[in-house]
Amino acid sequence: MLQFLVDALLRTADLALITLGLSMLYGLIKFPNIAHVQYAMCGAFLAYALNSIGLPLVVALVLASVLTGVLTLGVQLLVFDRLLKSGPAIAMIGSLAVSMVLVACVLGLAGSFPHMFSMPYTEPLVFGGARISKTQLWFVATTVVLLALFVLLLFHTQIGRAMRALACNPALADASGLNARRITNGVTLISGMLAGLGGSMLALSTGAHVNLGYDLLLPVFAAAILGGLGNPLGAVAGALLIALTETTVTNINFGPLFGEYLLFLPVSYISAASFLILLLALLFKPYGLFDREVRRV
Amino acid sequence: MTRAILEVRNLAKAFGAFQVLEDVAFQVQKGEIVGLLGPNGSGKSTLLNIISGFIAPDKGTVMLDGRDVTSVPTFRIVNEGLARTFQLPIMPQKMSVLEVAMAADTTMHGVLPTLFRGAGFCKAERDTRERAMQLLDELLLTRVMHLPASAISGGQKKLLGIVCALMARPRLLMLDEPTAGVHPNLRQDIVRALHRLNDQGMTLVIVEHDMHFIREACNRCIVLDQGHIVASCKPEELASNERVVQAYLGASVEEARAQIMQKEVA
Amino acid sequence: MYDFLIFTVTIAGIYAIMALGLNVLAGYSGLLNFGHIAFAGIGAYATGIAHARGWPVLVGIPLGMIAAMILGVAMARMGRRLAADYWGIATLAVAEILRTVALNEDALTGGANGIAGIPGLFESMPGQWGQFYFTVLVLALVVLIAILSVRLGDGRFGRALRLMREQPALAACMGYDLLKLKTHALMCGGAITALAGSLYAHYFNFAGTEFMLAAETFVLWTMVMIGGIGRTGGVILGVVLVQAVYAFVPFLRDMLGFGSDVAGALRLGLIGTLLLLCLMWRREGLLPEKLRNPA
């Protein structure tokens, strides 16, 4: 039972930062950016590269996240700002193109084999029948701290208020003197950094691999939509829900239902579970479970 | 008494706390040309939107030729014989004026006749094209027939909107400010075209501001003010109708006259 | 060299049919279907399953088309109130769910191994002739479907779709049932693409899930957007361009001697860059949709 919760928590941590970045940015940019998960992949590879040239792990992670933020901002300014003038549909196809280019660059430079971070092997911690490695624990802790900081930023600072105002009502915010341009750029940067950090921390366990981004696409979108796009706390809640569903779906013993002793859903159905949730979310609750502000789905 | 072609009963609509329409009821007889007037904010557009199925009313019914069409969605209203135009029509960029007019004929044919150009299909296409061209000619759009529909002037777009509405062969045509933004010379032509349609048996409801147009085109006026109907009379009687003047000027006829006299003296 | 040419042309033909199917959805109707490859997958698996069950293998073709049309109806009904781009994500989810099911349901689809041994269409012909006839068949189908596609676009159904694409409110006002139009468009595009899927299965004698990857939908989208969305000639051009890149890269690899990862990256990168450049500077593709003069 405890292992189940630990697994769910780990999966939440995998998704939370990236989902948060996507959700926040959507509030301002208003189109589904498929390339967002590829920023996470880029962050993973950057962290790996920095780490393998000798930088200590933490430094590599931080630097990778900053670089990813810059990349995100760059792409936003050069590509998406221009495409958005033609509408969200074109911007979405553009994000598809950007994804392809990013994956191509990484594939060409790093190959298709997963790159594992060289980390010393430590005994996993065992408590109450559940195992969790030190890395994973550290990952979860960092995520929680970052989330808490982000919430503080959003709800208790001037800048945070400005961000929320802008997401709510851009015209009004602009009229009351907030510099929409600067704030949007700032949020873009932060969203990219979160994606990069999320991706690199995820890669600590799974290795940096080219499909990292794509594997996250639908779960992250499902989490973001469930939580309500533009709703930061919702994003985390969405991530938790997706994680729980994924963990539950493969851990439930369906045996008794079918008169057998043991019957589990195949592991590859995990992904189908989150796709199904995404579908259901889009069909029945496109504004998210917590139905708040942002309204354009 | 013959059945009215359009009957509205007890219509009410509120947007949030704002009551846009209240207790609106009127009839339109077949063959009339009714003008729907009222100052800005009186609810004319909302009324038009409710009758044409864009918005659902909070209360009340809309009857078309005796049939209850209150909850009929927009795309089916046309089948009931009602067509409408828009105040600010937005037209497609990648379709020519002629194509848009032809598209207004919504009868569909099966997949196979479409793909293999059966004789029936070809004839239908020809007929549609002829009818579209004829209507475009009547509303003076032949010159711009092959231009992209978004490239013509605002006034011409309105005319195209009327052409599209007419393609559906409606029995009742509702026009939303057909002459706003239209060249004065064109207005006469529109009035003539509308009279022609009326002679052929079409009933018209026209939302308008332009008093000249109302006097020339309509044979009855319904005036709305702040969501209520305040008058139903002939165009000539409008100026002397207390409630109408009050609606537009916020004062009685006497006071309005006095004000105007004062301004003239001073 | 001859073999390679035949191969490239045949593949290009099959992709052309799929792209023309997508064009009905994306080009004429403005539907952002990011799960389009599911239709092709259905076609391929229909043929595969027909073969695995011992049915006459040609039955797979109409079976696939009908199944694709059913999926099309479902997709149309899905999220009637969804904005175009979010419907796109929903269709992506649908395609992925189908792919996952195909991956797992061994009994039905052979799971990860797929269904092998599907006979080609002209197997009984001696030597190279079977290949040749197949290629001719594919090209003939491309021409046929291209002509039908132009007719569809120019006729009243195409007009209705294009009006719906640009001004749905106006279309609704004129009396068009938008849901019905979308459903018909999806059924049409889906059936065409399923046909291509069946052809693919016959060509490779195999039906597997790699074919149903979302990446394949993206390739189709690139073909349609680069060439000229909404214009049949443009779509064909897009197919030719993308296929040229796909065929060119292996040559480059042989010449310059880099690995298959880099080859894959180069293909993907070139296609992605082409798409991006197109979107930024020629949003409507190299052969933009022309204004039609109804005859």
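For reference, chains read A, B and C in written order, and residue numbers begin at 1 within each chain.
Definition applied: a residue touches a chain if its C-beta (ideal position, glycine included) is under 8 Å from a C-beta of that chain, and two chains touch if they have at least 3 such contacts.
Predicted model only: the values in this text are computed from it and were never measured.
**Q** If each chain is a node and each touching pair an edge, is that a line, ring, star, complete or other?
**A** Graph shape, chains as nodes and touching pairs as edges: a line.
**Q** Using CA atom means as chain centres, which chain is nearest the centre of all the protein shown?
**A** Central chain: C.
**Q** Could you work out which chain's C-alpha centre is the most distant one from the centre of chain C?
**A** Most remote chain from chain C, centroid-wise, comes out as B.
**Q** Which integer distance in Å separates the CA centroid of chain B from that of chain C?
**A** Centre separation, chain B to chain C: 44 Å.
**Q** Approximately how many whole Å separate the CA-defined centres of chain A and chain B?
**A** It comes to 51 Å between the two C-alpha centres.
**Q** Nearest whole angstrom, what separates the Cα centre of chain A from the Cα centre of chain C?
**A** Going by mean C-alpha positions, chain A sits 30 Å from chain C.
**Q** Which chain A residues reach two or more other chains?
**A** Nothing qualifies.
**Q** Touching chain B in the complex: which residues of chain C?
**A** Those in contact with chain B are residues 148, 151-152, 155-157, 159-160, 162-163, 166-167, 170-178, 188, 230, 289, 291-295.
**Q** Spell out the part of chain C that touches chain A in their complex, as residue ranges.
**A** It is residues 30, 32, 34, 78-79, 81-90, 92-94, 96-97, 100-101, 103-104, 214, 218, 221-222, 225, 259, 261-262, 264-273, 275-276, 279-280, 283 of chain C that touch chain A.
**Q** Where on chain B is chain C touching in the complex?
**A** Touching chain C from chain B are residues 52, 74-79, 84, 86, 89-96, 98-100, 102-109, 111, 114-115, 117, 121, 124-125, 128-129, 146, 148, 164, 167-168.
**Q** Going by the contact rule set out above, which residues of chain A touch chain C in the complex?
**A** My answer: residues 31-32, 79, 82-83, 86, 88-90, 92-94, 96-101, 103-109, 111-112, 214, 218, 221, 266, 268-269, 271-272, 275-276, 278-279, 282-283, 286, 296-297.
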